[in-house]
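What follows is subunit A paired twice: with subunit B in the first complex and subunit C in the second.
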Partner chain A sequence: MGEKVKVSIEQIFVVMLLSRLFITLTDIPPIIGSMEVTDYLFRVLFFILLVFISAIPVYLTVKNDTNANILDRCVCISPIFGKVVAFIYGITFIYVIIATMARFDMFATSIIFPKTNFTGFLVIIILACMFAAILGIESISRSSTFIFVVFLVSFLAVVFSVYKKVDFLNFSPIFYNGAGSTIKAAFISMPRTFELAAVLMLMSKIKGNIKKGMTFWIIGMGLFQTVIIFLMVGVMGDYMKTQLIPAYTLSVVAEYGFLQRMDVLLTSTWILCVYIKVSVMIYLFKDCMKTLISDKYDNLYIIVSSIIVSVITLFLNPKAYSINYLLNPIIPLVLYSLTVIAIPCIVLISEKVKDVKNYEK
Partner chain B sequence: MKSKLIKVVLLLFVICLLFTGCLTSTLGVEQTIVIQSVGIDFDFKKGEYEVTMQCFDLSNTSAKGEIQGGKNSKIITAKGKSVEQAIMNTSKITGENPIYSQNRVIILGESILKNGIDKGFDVFVRDYRTRSSTPVAVARNFKAGDIVKADEKGLTAFPANTLQHVLESGEINSLTTEVTVMEFVNLCQEKTSSAYIPALSLEKKDDGIYAKINGMGIINDQKLVGFLSSDETRAMLWVINKIESGTILLENSSIGIATLEISASKTKTETKITKDGLLQYNIKIDCSLDLMEVDFRKECALDEKEIITLESEASNYIEKEVEKVIKKCLNEYKSDPFRFGKRLWVKSPESYRHLNKEWDEFLPNIKTNVSAEVKIRRVGRYGVKE
Partner chain C sequence: MRIKHILLGYNKNKNGGEWMFKIFKKSFEKTYAPVENPPAPSASSKISTCLSENTFYIRTRCGDCFDIVIRNVDVSGTNGFFLLCDGMCDGLKVNNNVIEPILNSKELPQEPVQKFETIRDKIVGEVDIKELINVEDALEHAMSGFLVFFLEGVEKALAFSVQGFQTRSITDPITDVQSRGSREGFVEHFKTNITLIRRRMRTTDLRIEVQDMGTTTKTKICLCYLMDRVDGEVLSNVKSRLVRSEYDIVLASGNIQPLLDTDNPAIFSAVGVTERPDVFCAKIAEGKIGILVDGTPYAIYVPHVFTEEFQSFDDYANRPYYATFVRILKWFSFIFSIFLPGFYVSFGTFHQEVFPQDMLFQILSAELQTPFPIMLEAIIIHFIFEIMREAGLRMPKTVGPAVSIVGALVIGDAAVTAGLIATPMLIVVALTAVSSFVVPSIYEPVAILRFVFIIIGGTLGFYGIIILIALIVTNMCSVNPYGVPYTAPLLPLTPAATRDIILRLGWKHLGKRRLETTKMNN
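Right after this comes the complex of A and B.
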C-alpha cells in the first residue's frame, strides 16, 4: 500500500502549475452576458475562491492519510468500489488528455501552423509524453523544473516588454452589468483544474507538506492569472474581446527594440506545458489501470492509453464541433465534481464510519 | 554504444519532422509574396475593394542579401468583393502565395472609412496571419493605393519601411502618433470614444512623389468624420498625454521669433460633475521646454523677466491650441477622441449609464478647463543678460 516517497512537494507544485498554466494561457474569454474587461480580472478572484472551496475534500483527504493514494484507500473500503473509482479517474484522465490535445490543436491550427495538417505533430507529442510517462513521475517532475525556468524567463520577457503599454483608461468599472456573469465565468473555469485530482492520485509519492504545497499552488496559479489578465486588459482593452486567444495577442504586441517576435518565445514554452500535462495524465491513467485490471502490466497501460488517445485525437482532429463538445463546461464539471469533491467525500465518510465501528468493537 | 547511436538517429529523424515552414509545405520561398505594405480602397460604383500591395521582390536580391538593380519592391494591385478575396486574387496574376506576417503598414482609403470601418477592416482583426501591432493610417485626399506606390525618401531598405518610420515620427515631432490595429480597434469598440488614425498625403517634388504625414483622421461610429491639421493633432496629443517631443514656434513672442523644443510633457485629466449636473474636465498640462532658437527683436536680450514672459506665452499658446481642438472635435465633429466618455464611465458609472446612449449629442455641453504650466529649462548662452 504505502509507496516509497519519491517526489518533493516543490516539484509537484511546479508540475501542477505548468499543467494548469496551459489552460490559462489558451483561455478563450467566455462570451457570457455582458462582462466588461475588468470583470475578467475579478473572475480570477472568484475562480480562486471556488477552487479553494472545492479543494476542501482534497485537503481533508490529504490531512487524514498520505501513505496511500485515493485508489488504495477506496480499495480498503471495498475492492469493487476501488475498481469503480479507478475507472472514473481513468476516464477523467483520458478526457483531460483529449481535451488538452483538442485545445492545443485549436490553438496551433489557428495561430502557429494555420495551413498545416497538425495531426502528425499531435501524435508525435503524445508519443513523447508516452516516453516521459514510462520514465516515471520523477523524471517528469525533474524536466518540469527545467521547463518552469524557461517558461518563467519567457514570461518575464513578455511582461517586461508590455508593462509600459498598460493604459489604465482601458479598464472598465467593476461589475458594471452586475457580478452574475463574472461568477458564472469563474464557475466554468473551476472544473478545468483537474490537477487537484492528480494530487489525490500522487499523494503517496509526495515528500513534504502537501496542504501547504496545494495552498501555494492555488495562490501561485491565481497570481499568474492575475498578472496575465491585468496586462491583457491594460494593454488591449476591449480589443481582447475580439481575439480568440488574447494571451497570444499580448505576446504579439510585446515588442522590445529589435526583439519583435516575442510570441515565438512564449508559444514554444506553451508546447512544453502541454508535454508536462499530458505526460502526468498518462502516468496517472496507468496507476488507475493498475487498480482496475492488474499490477503486472505497468508500461503496457501507458502504451495502450497513448494509442487510444492518438486514435481519438486523429478522429476528432478535423471536426471542430467535436472539439467544441470536448471543451463544453458540462463534462468537466461532472468529472470534476466526481473526482475532486464526491469521491474524496465518500472516502472520508466511509473511513470515519469504519473508525467508529472499529472503536465500538 | 549501438543503442545510443540508434537513439540519436531516431531523435534526429523526429527533429527533421519538426523543421517545417510556416506555410503549406508545397510552396517554397520563390512562390511566396512577402507583403510589406497594403493600401485598401473601395470602388463604390462596382462595389469592389481595390488592394494595392507593396511586396518584397525576392527575384531582385542576391544570396548574400544584396539588392541588385536598384528597386527591391514590386507593386501589385488586385480587386475583389472582399479584402481577403482581393489579396488572394493576386495569385491569379503572380501564381504566388501572399503572406501578411511581415506587413509593416496598413493604409485605408477615405472611401473605406466613409463606407464604415466594420466593412473592409475585419480581415485584419480576424485573420490569424495578420499582426495586431501593425500600424494603420488613412490616405488623405489621395487613394490608399497611391500612397503605397509613392517613392521613398528615407534611408531604409524598403519604401514600406519609410512609411512605417513616417508613422512612427510622432516620437520625434509629436505631429502624429502611431496607431496599431489593436489600438484602433480598441478605440472603435469603446461605446463613447472616437478613434483617431494618422493621415498620409502625397507631396510632389522634382525628384518624385513622396508620402508625408498630414494630421489625423477622426472616426466616429465606425465612419470618418473629418481630419485634424498637424498643429491640431499635436494639441489633441496633449490632451491624451501622448506628447513625446517636437517643437513650438512662437512667432510673436516678447523676444522675437522663438523656437522651443518639448523635452517632457505630462497631462492629467480630472473628471468633475458640476452642481448643475454638467460635465467638466480639468486638463492640466505640465510641460518642460528648451529654447532652441531665437530671432531677437531689436535691442532685446534674455533675462529672467523675459524668460518668465516666454513661459507664460508658451503656456497661453498651448492652452489656446488645446481649447481650439477640443471645441472642433466636440462641437464640429461631435466626436470624442479624448476618451472623455470612458473617463466618465470609470469615474461615475451611474452618470455614464444615463448619458452614454446620447453621448454624441451631449458632447457640445461638455465644459473643459485647460491649464498649461510651462517651465523653460535651458536657454543657451548667447543673448542672455544677467
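Right after this comes the complex of A and C.
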C-alpha cells in the first residue's frame, strides 16, 4: 500500500512536464517524420489527441482507487500477476532511462562536448540521479519546482528574443503532401510518453485531483510543444529539417542586446530535465523491485539499477545504439501499450468482475 | 649523582638515602595520588540524620576541593553545617539573609525537625528555598551557587538561592548586528537570559522548562515555547532528542545542535542560532521552540527554514520598500558569494563565447599574463582569503593593522603587479568575499560550496555546475526534521507566507494571518 510520503499534484505535474519536455527539445526531424514544416504543428494536435485517448485506462484506474498504486492492485488480483507486472514496469523504466541517456548522449556529443570524451559526464549524471532517487520522490518533486522556474525563465528568454524573427513566409501550406505522414509522426511520438506509467506507479503518493492534474499536464505539454515548434518553424522554416536539434539552433540564434551566444545557459536547463526524468525512473524501478523481490533493500535496488544503466550506456557503442533507440518505434510502442493501456485495462476488468461477484454473493 | 640524591641529602649510607626517598615518595603519593575507586554517586545517597555521615560522604565525593566549604554551626544547641562553593555565592546574602538570622534566632523549638521547619518557614528571608533529600542533589545545588544547610537529626537539607558569581553584563550582540533593534544580547547565565525573554513576553502561555544535560557538566538547558502556538508533536520530538543524548560534556549550544539537526547528511543546518532576545521571542511567537544553554550567549531554535537566513529584525523596523530592497540584496549577495567564482571559472575555461567581445578581450589579455590556469588561480586566491579571514578572527587586536597591510598591499597589489593573479579574478574574489558577509549565518556552507563550484566549473564547465545546483537543491528539499520542509515556504509553495520572503509587505498584509512555520508542509 502507499507510503506515508505524499506529494502534491502540482509538483507531479511539473515533474511530468519537465521529463517529457526533454524529448520535445531534443527531437530530431528524421525521427519525428518527414513532413512539411507546418505539419509539425498539427502533429502536436494529433499527438495530444492520441495521448488523451490512450490515457483513458489511466483515467479510469485513477478514478477507481488512489490508495494503492498499479502494482499493489495487481498483487491484490494475484501475487504472481503482481510480480509479472512489476517485472514489465521495471523493464519499461530501465528502457526509458537508457533511451533518455542515449538521446542525451547524442545531444551532448554533438553539441556540448563535440571534441572531448563525454563518458565521465554521463557517469556523473547517473550518479547524481542515483543520489536524488535515494533522497526520495518528495525531494525530487520539490526540487523539480525550482528547476521548472529556472527552465521557464530560460524558455521565456528564448521566446522573447526570437519571436521578432518569426517570418510567416517560412510556413508551408497545411497538409501539402497529405495528412498521412503527420498522423504517422503522432503515432511515433505518442509511445514515448511514459509519464503516464509513472502516474500509475505514483498515484498512491499523490494528494490532490490526479485526473485534473493529468489533463493540465497533457494540455501544458501540448502548449509547450506548440510554442517551441512554432518558433522553430517561424524562424528557420525548411532550414529546420537540416538541423540535428532544431531547438538548440533556436537558442543559438537568441541574443539579448550585447549578450550573444547564451546557448550554454539556455541548454544547461535541458540537462536538468534529464536529471528529473532519470531520477524519477530510477525511483520507480526501485518500487518495482520491492514488489518483485523484497521490500527490504531500497537503496540497493537504486544502486543496482544505476550500475546496470551505466554499464549499458557506457560500454555498448553509444552512437549506434542511440540512433537505434531513437529511430526504432517498436520497442516503445510495445512497452507503452502494455504499461499504459493493457495492464490498467486488465486491472479494471478484474476489479469489476470481483465487484460483481461480491455483489452477487 | 642523581637529582633526587641531591634534593634528599644524599649520604653514603645508601640505606639512609633510600629511606628518606621512600618517605618523600609516600608523602607525595598521599597528597597527589588519584583516589582509587572513589565512591560512585548512588541513587540512595540519602541525607542521614547523623551529620558526620553526611560530612564524610561529601568529603569523600569531593576530596580536598579548595572551593567546597563546610562551615559547622551550633543552632540553639543543635549541630548543623552549611555547605557552599566558594566564589559562587553572594557573601552579603549568605551572611545577612541566611546565616545571621539562623544563628541569631532565639525562639527555635528544641526538636530538630520542628527547628528545621521553623528555619525554613519563618527565619530565613530568601524567596527561593528548596528542600533536598539526597546528598548528591545537595552537592549539585552547592556547585550551582546555592547555600545548603544540614541539621543534626533531620533527613533533609535546605538549599537557599544566594548565587552571586561574576557574570558578563548585558552588551550588544556581536554577531547579530541590527541598526534599529535593541542593544541587548544574551549572556552566559541562563537566568539572565530568561529574564530578557520574560520582559518581552509577559504572557502566561510562555513556558520555560529547565533540564540538565551532560553527565559531567550537568549544564542547564531551557526549552522556551508558547503553549498556544507550539506544535505538540514537534515539542515531543525535541524533548525526546534531548533526552536520548549521551553527552558527557555540554559547554555550548553548538554541542547540542547536532542532536536537533536533521538525521540525513545535509549541507545547511536546520537549526537556527541567534544572540538576540528579540529575535528569539519572534521565533517563539511563530510557534517554534527555543533552547537556551547555560554558559553560552547563543540560543538555538527549531524548526528553522532556509529563507529565515535572509530575514532580519531590521526588516520589520524599516519601511516595506527598503526592507524589500535589502532582502533582494541579500539574495543576490548569496548567489554571488556561492556562484560567481564558479561561473567565472567555467565561462573562462569552457564557454568564452558567453562574454561580450570587449569584455572577453580584457579578460583574455589579463589572464594570458598569469602563469596559472583560471581554476587554480581562483582556488589559490580564495584559499589565501580564507587564511586571512581566519587570522583576522583569531589574532590579537594589536597586530590587526599589520595583517590588513599584508593582505591589502602584498597580496592584493603586489600579486597583480607581479602577474601572478589577474585583475578580473581579483575583482571576482573581492566581490565574492564582501557578498559572503551580507548573510554571515550561512558563511560556513557557502565557503565550502564556493570551492566545490570552482572545481566543478573548472573541470566540467557550466553543465557540471548546473548538475551540482540541482543536487544541492534536492539535498535541501530532503531536509525535513520536524515535518517542516527546510525549503518552505518556497518549496513547497505556501502563497500566504510569500508576503514575507523576498518581498516584505506592509503590516496591513502581514497582520492578516498569523504565520506559523510548523504549518508550512505539503
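Quick note on the criterion: the second predicted complex is superposed on the first by the 344 of 361 C-alpha atoms of A that agree within 3 Å, B and C clash if a C-alpha of one lies under 4 Å from a C-alpha of the other, contacts with A are read in each partner's own complex, and residues count from 1 in each chain.
What we mean here is this: a contact is a pair of C-beta atoms (placed from the backbone, for glycine too) under 8 Å apart; a residue touches a chain by one contact, two chains touch by 3 or more.
Bear in mind the structure is a predicted one, so any value in this text is a computation, not a measurement.
Within the superposed three-chain arrangement, the count of touched residues of subunit A is higher for C, of the candidates subunit B and subunit C. Touch criterion not met for A:I98: it reaches neither subunit B nor subunit C.
Contact with neither subunit B nor subunit C is seen for A:L71 once the two complexes are overlaid on the shared chain.
After overlaying the two complexes on the shared chain, residue contacts for A:I111 are found with subunit B alone; subunit C is out of touch. Of the two partner chains, subunit C is the only one touched by A:L265; subunit B is not. In the superposed pair of complexes, A:A132 makes contact with subunit C only, with no contact to subunit B.
Of the two partner chains placed by superposition, only subunit C is touched by A:I147; subunit B is not.
Looking at the shared chain after the overlay, A:E255 reaches subunit B, while subunit C stays out of its contact range.
By the touch criterion stated above, A:I124 is placed in contact with subunit B and with subunit C alike. Of the two partner chains placed around the shared chain by superposition, subunit B is the only one that A:K241 touches, whereas subunit C remains out of contact. Where the contact sets of subunit A with subunit B and with subunit C meet, they give residues 121, 124. By the touch rule above, subunit B contacts subunit A in their complex via residues 14, 17-18, 20, 22-25, 125-126, 128-129, 131-133, 180, 182-183, 185-186, 189-190, 339, 342-343, 345-346, 349. Those residues of subunit A lying in contact with subunit B across their complex are 110-111, 113-116, 120-121, 124, 169-173, 176, 235-239, 241-244, 249, 252-253, 255. Those residues of subunit C whose C-beta lies close enough to touch subunit A in the complex are 264, 351, 353-354, 356, 460-467, 470-471, 473-478, 480, 485, 487, 490-493, 522. Per the touch definition, subunit A reaches subunit C in the complex via residues 6-8, 11, 112, 121, 124-125, 128, 131-132, 135-136, 138-140, 142-143, 145-147, 207, 258-262, 264-265, 268-269, 271-272, 275, 279.
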